[in-house]
Amino acid sequence: MNIGRVVGTVVSTQKDDKLVGTKLQIVKQLGLDCAETGSFVVAIDAVGAGQGEVVLYASGSSARQTPITKDRPADAVIMAIVDSIEVDGATTYEKN
Amino acid sequence: MNIGRVVGTVVSTQKDDKLVGTKLQIVKQLGLDCAETGSFVVAIDAVGAGQGEVVLYASGSSARQTPITKDRPADAVIMAIVDSIEVDGATTYEKN
Amino acid sequence: MNIGRVVGTVVSTQKDDKLVGTKLQIVKQLGLDCAETGSFVVAIDAVGAGQGEVVLYASGSSARQTPITKDRPADAVIMAIVDSIEVDGATTYEKN
Amino acid sequence: MNIGRVVGTVVSTQKDDKLVGTKLQIVKQLGLDCAETGSFVVAIDAVGAGQGEVVLYASGSSARQTPITKDRPADAVIMAIVDSIEVDGATTYEKN
Amino acid sequence: MNIGRVVGTVVSTQKDDKLVGTKLQIVKQLGLDCAETGSFVVAIDAVGAGQGEVVLYASGSSARQTPITKDRPADAVIMAIVDSIEVDGATTYEKN
């Protein structure tokens, strides 16, 4: 999985039927210092993440293993909201 | 998923039988500012996207989860036409 | 899918049983201008592509969706021979 | 698979139900000289790796082939703790 | 598939049960000139490749399509030992 921050949304009315009702979030990838790496993905949100939240997202077929993404043409899913990140014994991120 | 723009097509008569009847679109990848990144993919169109349209495409096995791509040897699918993109509260793209 | 050109072959006698009888083609990746990108893959040929031909190849599990590659340990397949490529209304490649 | 070192953990309470009870480890990728490459992944730990340990991790659908990750939305798994690495006849890493 | 050379092994006693009995080979990726690209993977050996041999390896779910890797948490497999490589009509590699 990768760490990312939800920064926005994509709206689409004309899409594959299986995507109706899903929320398409834009997630910028973060490094361990929570700085942006310059990459982003559009991911289906399976956990109700809000704008600005730090999340984990999974890619590929693993993105279809949630009830919300099962059998859907989606290659990225937000599957966790991050509470805290600890690296080498130090807390590098903590949700307010 | 990634954001892209449909810029052209690939025509092939000699191809795997399961690809007969599919439309092979060339999609240039876009950044969040809708500028081209320099990458492109050839994707099967599952939503009837037109030349120049901004779309979402999925890659890998997820590309086979639409009725049009199921069980076909295709690793990229256009599964949504983008209406609008919102980043950090600002609309960065809106379809005319 | 990516666009490529068949430039050669790999011969192997000691290989997984499921690969017996397959043709292993070396495919150099091409850009939209049909210039080489510097990357290549070894792909199983599902369409009888000849040396020098411009082809489409699919990667990952999608590479196993042809009769020739089904259930085989192959992560790339040539699934179409390209007749023509059109970008922004101009034909950038046409097979002789 | 890739070689990595466990450097920390991600804690998440709000996550997909199938992830409850899994341990989310941060794994920095290592080169053959055991130097960090600059990349990292968040992986589910299937073997009880400790902080600082050198491990192997698998990505993609292969990450779901352990009892701990089966059917879960996880695209990376720690599936082995490394005892030793031998390159060109020399031992480049040995666990204490 | 990619071309690589077997340069070493990884030994692990504490690993997922399904990996018991598999041989974990370190494979350096090669270009068409058989020069190292700087990348490597740890792959399960399905064909009995020896130290120094030039091989083909497959990645992702395709790596699980051999009898030795089926259902195992492995994302790379050596599935062929290369006898010869021919590029643009010239033999660029031939096994002794």
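The letters A, B, C, D and E name the chains in turn, as written, and every chain counts its residues from 1.
We adopt the following convention: contacts are C-beta pairs under 8 Å (C-beta built on N, C-alpha and C of every residue); 3 or more make two chains touch, one makes a residue touch a chain.
Note that the structure is a prediction, hence the values are computed from the model and not measured.
Minimum number of contact steps separating chain B from chain D: 2. Put simply, the C-alpha centre of chain B and that of chain C have 20 angstrom between them.
With centres defined as mean CA coordinates, chain E is found 33 Å away from chain A. For chain B, the set of residues touching two or more other chains reads 60-61, 63-64. Starting at chain C and stepping first to chain E, the chains sit round the ring in this order: C, E, D, A, B. On the chain A side of its complex with chain D, the touching residues are 1-3, 31-32, 46-48, 56, 58-66, 69, 77, 79-89, 92.
Of all residues in chain E, those touching chain D in their complex are 7-16, 18-19, 24, 26, 40-43, 51, 60-61, 63-64, 71-76.
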